[in-house]
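The following pair of complexes shares a single chain, chain A, combined with chain B in the former and chain C in the latter.
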Partner chain A sequence: MRDPITGLLFVLPMLVLFLVFRFVPSLGAGAMSLTDMSLGGEWNFIGAENYARLFDDPKFWDSLWITLLYVAIYVPLTVVAALATALLLNAVVFMRGFFRGMLFLPYVTSFVMAGVIWRWIYEFDGLINGLLGKLDVGPIGFLEDSALVLPALAVVSVWKGFGYSMLILLAGLKAIPASYLEAATVDGAGPWQRFRRITLPLLKPALFFVLVIETIGAFQTFDTIYVMTGGGPARASYTLIYGLYDQGFKFSNLGYAATFGVVLFALVLVVSLIQRRLLDRGNA
Partner chain B sequence: MLVGLTAVLGAALAGCGADAGSGTDKSSVTLWMYPVIGDQAKSQAFWTKVEKDFEAANGTIDLTIDQQPWDGRQEKITTALASKKGFDLVVLGPDQIPQYAQQGTLVPVDDVVAPAKTSFLPNSLTALTVDGKLYGVPIYQTITAPIYNKKLFTDVGVTEFPQTWEAFKAAAPKLAAKKIAILDYPGAPEVSLNQSFYPLLWGNGGSVFAADGKTVAFNAPEGVEALQFLLDLQKAGGLPGNTATKKNDIEGGTLAAGKTAVYHAATALQAVQLGAAIGAENVGVGLPLESGKKVAFGIPGGLVLAKHSPQPDAAKKVAAFLSSPEVAAELAKESGFFPARDDVTVPGASPAVQEFAKSLEFAFPGDTHPMARQVMALVAPELQAALLGKKDAKTALDDAAKEANALLAGSG
Partner chain C sequence: MTLTATRPATTKAKPSAKPRRKPFRWPLWVLLALVSAITVSPFVVMFVVALSPPGSPTLPVQWPESLSLKTITDLLSASGFLGWTVNTVIYSVVSVVIILLTASMAGYAFAKKRFPGRDAMMWAFLATFMVPFQATLIPMFVLVSQLGGVDTFWGLIVPTLANSQAVFLMRQFIRDLPDELFEAAKVDGASEWRIYWQIVLPLTKPILATLGVFVFLWHWNDFLWPLVMAQSDEVRTLTVGLASLRTEGAPLAHLMGSAALSVLPCLLVFALLQRYLVNSISMTGLK
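For the complex of A and B:
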């Protein structure tokens, strides 16, 4: 069984999928970013021209800033939501499977439907403004106000996506031996101390995995924005990935769109490496 | 996981079955059709019948009419053409055709209309022609016109529909006093400017592009005045609160709820939808809103042929069949659009549709420029900024023009 060939055979299906659908296209995008390829398929090699144009493009810098802002809002929010629900589920005994299913439901809901429903919730005549109206507040333009649109979109994405991270954290919680917590209780530790000193440190690997996955996901968020704001209002939710989409599919500049993709890839890589470094230090 | 695997297996087996079933000398043609017939059940019945009728008359051709949604249309077509897959024929408007023609992903279809060329509306053919070659076989002609809620106007003592900008501005405060916005302006960037800002621009004598097509012209005084008109209305309470981000859906929208009074660039289908919400007797259909010029956005729907189609001759037969007087008449009847040929009588057209027909003489297919859609994508966010009070009319349009001109010059 320790034969490396056997091992390779076991991972081969996944490896082939990864190479064909992830690795090769990534290289292709890198190559495409050095060309002026348009929709028709004809292209010329233009070196780093696309990159020079990108760094000169105020829209790129705006979209970079908006992307970072979005990540900064989304990631803490979703990790807290996932952790809180995982802790709740771990504590609940009554109909746990049912609650777990209900909380996971948004994750398997179609994004387009979720987007439409959340538009209704956020609208001027929508649910939230209807309730606020009873308190004589508002109406608040959640999707109309440039300052509110990113948090509003982040809330939708969190609602839609926290279920996956919740399950991972729940599995992490289940893996913590009950004897540790019992011993701490015997020693007189309260609930907060048990959470802070036992649960959280032991949950760290799962927590960091969730952090990395959610960060990568946040950088690539597209569907929420596409369905709900179209990058608006007045480009207030125009992220890097939306810029990529615009260049590729509205302006047919596939080469320039690939440049957005390569920069995003580099950005995610750097952030993931930093997170990994922090994780290693945390484990040491 | 298991479910997914089963589905994949099932699909693979079904694929094998289909391959084995089709004959060797039968060519297949795929057509992407859009919900030009609004009612889903009627649409399904109509296109199934077309498919059957065609196949009955052409035994060697297997026609598949694939129903596509309007949403994401541009992206899907772009992707299909780039990957040389998906369809042989697709319905496109005149503002979308030039860019694809320029990219060389479409082939001309002059020979399809040649036998009956004089029967087609000249405007429809011109709109679908690029560099002297016809790229779309017209199967219908659309027209837009203002639709309004008659009751809201009579309730505030306005007995005649305000046909000009001045009359509009005069009526706006009367409606605003009752918390009704006069104009249901859809400012969401997803809404085509052909159904929001451009009709105002054209009605004021402006145009999107300069005559030579090398620069844009929407930031000329005519354009700035058109945007200022909207901002003036907004100040007078004449636009809904969410105007900058609202779409132009009638069902579930502010117009159907009686909170706004007019949508200035509606289709006949939208008039029917409004009738369902507020009662058909309350729906008025006006002539194009004007400030010097009456212009109604209206386009032919053209069947275009992808260059990658492996059976262009079979596809051309399909296009000829769909543009025939018989099919055109039925399509016009079911869709509420108009036939693109003058040798067709539409059976039993409704009163609203007849009102729309009055605007046909003002039909304008929009600025058919290869970059028309791209320029729209640059203008829409700037209009939004103006409606949100972030920029004044001139700054917003100048900013959009700067980006658009850079795009046209090939550097932006």
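For the complex of A and C:
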């Protein structure tokens, strides 16, 4: 139906919201990173000075490294958890719906709640160390040890979020025709061969989707870090986003904080492009 | 608020012959039961600590000998917690209503109307998927504070309404509705607004319900934006309040009690609409 005025009128409310609160801030992030704006709002144009400062700042490189390390720990962990539980759910019939619900439950809750519970689970006088104490083991400072803090945080995010990827993978598994697997069985393929040669290749699109979603999500982790460690111990969990928040709202360096945002955007963009390239090659 | 990518079409399963009944594989069943139990255990310990009588031994030393609602009633009679709950309800419910309205209107126009710049606009909406919310946090904050919106409900709510996932989902759904329906209504002399109100909205009820649940959960659980926007108790939401209790070192029972109360609406939504949530994730990849 050709009806330019009504069409525009119906889009208008959302269009205005988008222009003001998505496009302006997206461009604004780039623009602000070229200023020395502070919380008061005064600003001067300072060119690429923020970027020079950023690349000279060892704390920035540390936070970049910690972010990448966190992503490298979190993504495999969550994909394996999601795939393993999806395979289990696909193999079991009795009480399947109930188990699926239990596994999915944390997804509907908040990262803040997850952080509050798990902080206590990890504490010296918390749940795990309480149980270890009964066995005369420990205590282990999960959140106090620089080497343990990132895996500990990753576990919390995996717990909170793997249910989503599990459902995507489960849908992918259900879409694999049973006849393929039966034919392979008749041909003498064992369980591992069936998984490796049939299930895994056919699951590739779903796995890829999960990988992209989880990687992008991992770069944006903030809530659990804020609630559980505050970037510590000794900045061992001080990620890019945490740096952005810290610079912006603790030190009032809004221009410099925007620079962190631009770097984050660039990182997410690069990761998405690499993954898309890999997918295209995989399909060729 | 999250990013999403294009969902691969894995769910359109070809109807194959009804698979034979799978044998009961008890080792896998036991393993699954174990993993499920571990997954829900943090909720169990949260409720146990929250319901332990104050002052008596509880986890991790031992299971409490009795349960009491003392901590919960204490929390509910203190003003802070109830205020945060009311604020969170406002934040979530107002956002759901406005997003459902504006996204279905935009989705209808994108799906069924032709107007100049339509495709460019749709692509621009989709392109904002690529910009992580956190990357625009600082300019959003500056923008809203210039407009005088810091620590107000509108400053908290309005910037979160620009939701491209919602628009895209509505567009996909409405596009599949038959054109004849709208043409017939038009021939009968119905106004555009009436067509939207009496045809589009009723026909999109299932997808509106799904979207509504997701938008509710996104807002109820949202943290970073309310953290920077809602600085006083007048506007502060539950997640921000809960985080402040944690960082200010509130007693464990209060922490767990607040966490438990804050999650109850999510558990309720889950209990009532689990099948719905599960299906929409499997079908659309909505996150």
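Here is the rule we go by: the second predicted complex is superposed on the first by the 260 of 284 C-alpha atoms of A that agree within 3 Å, B and C clash if a C-alpha of one lies under 4 Å from a C-alpha of the other, contacts with A are read in each partner's own complex, and residues count from 1 in each chain.
We adopt the following convention: contacts are C-beta pairs under 8 Å (C-beta built on N, C-alpha and C of every residue); 3 or more make two chains touch, one makes a residue touch a chain.
None of these values were measured; they are calculated from a predicted model.
**Q** Clash or fit: chain B and chain C on chain A?
**A** clash
**Q** Once the structures are superposed on A, label A:Q193 by its partner contacts, choosing first (chain B), second (chain C), both or neither.
**A** Neither partner.
**Q** Check whether chain B or chain C contacts more residues of chain A in the superposed model.
**A** C
**Q** Once the shared chain is lined up, is A:M14 touching chain B (first), chain C (second), both, or neither of them?
**A** A:M14 sits against chain C, while chain B stays out of touch.
**Q** Can A:N44 be said to touch chain B (first), chain C (second), both, or neither?
**A** neither
**Q** Touching A:A234 in the superposition: chain B (first), chain C (second), both, neither?
**A** first
**Q** Going by the contact rule set out at the top, does A:F249 touch chain B (first), chain C (second), both, or neither?
**A** After superposing on A, A:F249 lies in contact with both chain B and chain C.
**Q** Between chain B (first) and chain C (second), which does A:L143 come into contact with in this model arrangement: first, second, both, or neither?
**A** first
**Q** After superposing on chain A, check 146-154, 164-172 or 218-226 and name the one in chain C that bumps into chain B.
**A** It is 146-154; the other listed stretches have no clashes.
**Q** Once the two structures are fitted together, what part of chain A is touched by chain B and by chain C alike?
**A** Shared contact residues on chain A (touching chain B in one complex, chain C in the other): 41, 125, 230, 249, 254.
**Q** For the complex, give me every residue of chain C touching chain A.
**A** 2-5, 7-14, 16-17, 19, 21-22, 24-25, 28-29, 31-33, 35-37, 39-40, 42-43, 45-46, 49, 59-61, 101-103, 105-106, 108-110, 112-116, 118, 121, 124-125, 128, 130-143, 145-146, 158-159, 161-162, 164, 167, 179, 182-183, 186, 192, 196, 217, 220-221, 223-224, 227-228, 239, 242-243, 245-247, 252, 255-256, 258-259, 262-263, 266-267, 269-270, 274, 277-278, 281-283, 285, 287
**Q** Once bound in the complex, which stretches of chain A touch chain B?
**A** Residues 38-41, 53, 123-125, 139, 141, 143-144, 146, 229-235, 238, 246, 249-252, 254.
**Q** Contact residues on chain A for chain C in the complex?
**A** 1-11, 13-15, 17-18, 20-26, 28-29, 31-32, 37, 41, 84-85, 88-89, 91-95, 98-106, 108-121, 125-127, 129-131, 133, 159, 164, 167-168, 170-172, 174-175, 177-179, 203, 205-206, 208-209, 212-213, 216-217, 219-220, 222-223, 226-227, 230, 241, 244-245, 248-249, 254, 257-258, 261-262, 264-265, 268-269, 272
**Q** Would you pull the chain B residues touching chain A in the complex into a rising list?
**A** Against chain A, chain B makes touches at 74-75, 78-79, 81-82, 99, 103-105, 188-190, 240-242, 244-245, 257, 373-374, 377, 380-382, 384-385, 388, 390, 407, 411.
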